[in-house]
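Both of the next two complexes hold chain A, though its partner changes from chain B to chain C.
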Partner chain A sequence: MLIKLENVSHLYEDQSTVAALKDINLTVNQNEFIGLVGHTGSGKSTLIQTLNGLIRPTRGKIFIENEEITSKGFDLKTIRRKIGLVFQYPEHQLFEETVEKDIAFGPRNLGLSANQIIDRVHWAMDMVQMDYDEFRQRSPFQLSGGQKRKVAIAGVLAMRPQVLILDEPSAGLDPMGRNQLLQLLIRLNKEYQMTIILVSHRMEEVAELADRLLVMNEGYLVLDDSPREVFQNVNLLEEIGLGIPQVTRLLWEIKKRGYNIRTDLLTLKEVKEEIISFTRGRELC
Partner chain B sequence: MLKSVTIGQYIYRDSLIHRLDARIKILATLIVMIGLFMVDRFIGFGLVAVFVGTLISLAKLPYKRVLRGLKPIIFIAIFTFILHLFFTPGGELLFKIGFLTVYEDGLVTGLFMVVRILLLILFTSLLTLTTSPIELTDAIEYLLKPFQKVGVPAHELAMMMTIALRFIPTLMEEADKIMKAQQARGADFESGSLLRKAKSLIPLLIPLFISAFRRADDLALAMEARCYRGGENRTRMNQLKYRVHDFIAFGLIIIFTVTLIIL
Partner chain C sequence: MSFIEIRNVEYKYAEDMAALKGITLNIQEGEFTVIIGSNGSGKSTLAKLLNVLLVPDSGSILVDGMDSKDQNNVWEIRQRVGMVFQNPDNQLVATTVEEDVAFGPENLGIDPKEIRKRVDDSLRQVGMDGYQKHAPHNLSGGQKQRIAIAGVIAMLPKCIVLDEPTAMLDPQGRREVIETITRLNHNEGKTIIHITHYMEEAIGADRVIVLDNGEVKMMGTPAEVFQEVDKLKSFQLDVPPITELAYELSRSGLIIPGGILTVEELVEKLC
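And then the complex of A and B:
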């Protein structure tokens, strides 16, 4: 396994509104695509920051490739090259004069050679579908919001992490930008065997992409299962202020009215087929 | 790491001193400061020390916290002491090491100056300890009003101070976020030579400035959209009003300062 958390707890000194973590046990395997959902302040952000050593948990152990990163004196920089973290609104962290230099910041910190850095930048820009020759000399501050986001994500990708963690990467993007981004994540996961952890508010998004779903509430990890199983817990999810995908919701409503229909379907396509086959040969209305 | 920085040193308590009008407190501080400069005997300092002590307990402040405020100026105090100690001739020669000579007057003036500095800082810190930053800016605006005729933009200054105070925590949070984001990209803010450390701050400072400017722009736009216009005829949410105890306190301060000077 790639990442393992043992009884990880974290408390903030000032007891502020930022959520704490309470006794988290979790393992992440190679090449998984994990969705992490939870209400604002449920501890999602704290959890992902402990994963790459930005926050040292007050209790518990974290292992990455069987190395304990929570032990004293561990060089956290080695973790940063294994685990890439894309923060919320990552475009706010751009600072260089050109797109190329900004994306090269991560690889440069890794101490790569000039040639390797150029390769990495080229590759990362290809991945986010930005033309290398057209954009590399442009100032990141003159780009549109969506393009800035792409540059920022490319900046993390260029470090070629084994695990990529993204905090609400599609927030504020238009439908096309969101779609492109999600396609990119699928590609990284399938083609490059990257492990992806996607933090999101949009249930449809994680339901469609993730093969495993983590649900957090008030610092606890309350559910950890496949999306199909997780979304069976309708009552629990609504209690903690999360919904279920709208199409799944539709199936539940149909079932509530006394019809015997499946409720463990998540995507529009699946649900459409279920409803068609359900109505076939039946007198309705 | 940035969280440990506290802004201002206001300690909220429900006390007589806290409830005093901020304008009175500012004026009183100024008057006592002048008094402190006119004191020429140790007994005057004794009086002020007792006075400060009384105020601290009246304001229900923890002595330790108040005294800790002196820490940053200890170096200046020691420096002043040494300067006076060695360079004030007069009185009896106490001792002599090489070219350094210490006279009696030097020792006395040195001590005198140190006590004066410490009391000065201690007393003025009482103002910021018992008055919230917002009350302070309101009071400063009010006190500066008479100077508006000669072109002092009192309202604008106060508004700027209020906005700056309001945005300090926001910017702190932002800095923390950007710092983490850059660390996640392998930036190192801690090790290396001084030059390297300074250079490593660029990835933090540029995004921080950009976001500060963006916020300033947004705020200005939002204020304009709500027809903000400072100056004449603008009313405020918290009206400052003098009450009886403010006048009594002011009277006491005057009596105290006069006694101090006569002594």
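And then the complex of A and C:
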């Protein structure tokens, strides 16, 4: 097991009565693809920041590869190499004068040789589909929003983390940019065995990509299961303002009208097949 | 004459970078128009031209009959066409909500009593009455964006142009903004031009305009535009998930009309 949280709670100092995390128990295994969903203020962002040591929870223990990172005096630098965090709007954090320097910033701090750094930058730019020769000398500030986002993500990838955590990486991207990004995550997970934790507001996105879904509400981890199982909890999900994929909601609406139809399907393809067999069945009666 | 007339408008950022390549478009008063298009399609350039942040290199834009190229019309046009941007944090300037909303009218030199009334009316119209004394930075994204809209409507514009106002919001914030602009359109008769990447936000519009590579490629009611799934995909756009499902089902031989937009419509057709 890669990451383990034991009874983790966190209180922010300035709002002492509101707990951001409440008694979270969680394990993450190597090479999982996890979706993390919850309303704004549910504790998602706090949770991911505890995982790479940016926030030290007020209670509980966090283990990364069996090392307790919450113990006093633990060197958090080692953790940040293992766990890469892509913040919301990561392009706001670009600062170097060229794309290459920006992406190389992390690897340079790892003490790698010049050649190794170039290899890392080259690889990271390949992964985000930016041509190395075309873009390396460009100023990141003169790129489009979508390109800036790619540079920022490449900077985290260049650290070759074991775990990649992304906080709404597709927010504000156009449909093509979003699809490219999601394909990248699938590739990192399948080809490079990276463990992915994807925070998203789009139920369609996590339903399609994740093997496992974590649902947070008011600081609690309220559901932790496969997307198929999680999205069976329609009432709970609507109550906490999340909802379910539209195509799944269609199945529930048909069922509500008294028809016999499966509701545990999430993707367009699955739902399409179920509806085709549903309509055939009806023609027969 | 239409409220906004866009005639053969071209705009270039550089010699070889044409953002708009000859756009002709009429917008009627009271219309709710949604503009979609991938990054670099020219959407934001068009928005800036409507508010005279940019003027066309060639062609013309008439707002209420006033040509945006004429310097004397700039402030008149901006008063009629208000603009809301993507990032709410970049648009709020004051320390309280009411000061923020009052900022525009104050610059026009309007009587303080009238300003008070406009601020309160505007906040009521965006569902933020009671927040007058709140600090904007403590509000949620959706609330901030509604304050930005209130600041625009305090200028009593006929038209509001919103350039991806929901891109940085969570689903709840997005809902709040969409409900607000829909209400402003229905109840107050404001002309709305809404630019978005979220296809499902186009469902309630009177008209959807698809921009690609600086040109208008499609135009019609949401049902008309979204039934052309393959064409939209060729412009790197998506269709709402239910529309795509309906389309796939009809390709598999089920008899389903094109342009289904909501779960409810599709349930109706299937049951």
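The rule is simple: the second predicted complex is superposed on the first by the 277 of 285 C-alpha atoms of A that agree within 3 Å, B and C clash if a C-alpha of one lies under 4 Å from a C-alpha of the other, contacts with A are read in each partner's own complex, and residues count from 1 in each chain.
What we mean here is this: a residue touches a chain if its C-beta (ideal position, glycine included) is under 8 Å from a C-beta of that chain, and two chains touch if they have at least 3 such contacts.
Just so you know, these numbers come straight off a predicted model, no measurement behind them.
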Dominant contact partner of chain A by residue count, chain C or chain B: C
First (chain B), second (chain C), both or neither touched by A:G219: neither
First (chain B), second (chain C), both or neither touched by A:G146: second
Partner chain(s) touched by A:R81 [first = chain B, second = chain C, both, neither]: first
Touching partner for A:P245 - first (chain B), second (chain C), both, neither: second
Which superposed partner A:L268 touches (first chain B, second chain C, both, neither): second
Contacts of A:P227 with chain B and chain C, given as first, second, both or neither: neither
Touching residues on chain A, where the partner in the complex is chain C: 39-40, 89, 144-146, 171-177, 201, 204, 241-243, 245-247, 249-250, 253-254, 257, 259, 268, 271-272, 275-276, 278-279
Chain A-facing residues of chain C, complex: 38-40, 86, 140-141, 164, 167-168, 170-173, 197, 199, 236-238, 240-242, 244-245, 248-249, 252, 254, 263-264, 266-267, 270-271
Residues of chain A that touch chain B when the two form their complex: 13-14, 49, 52, 54, 77, 80-81, 84-85, 87, 90, 92-95, 105-106, 109-110, 141, 155-156, 159
Chain A-facing residues of chain B, complex: 3, 174, 177-178, 180-188, 202-203, 206-207, 210-211
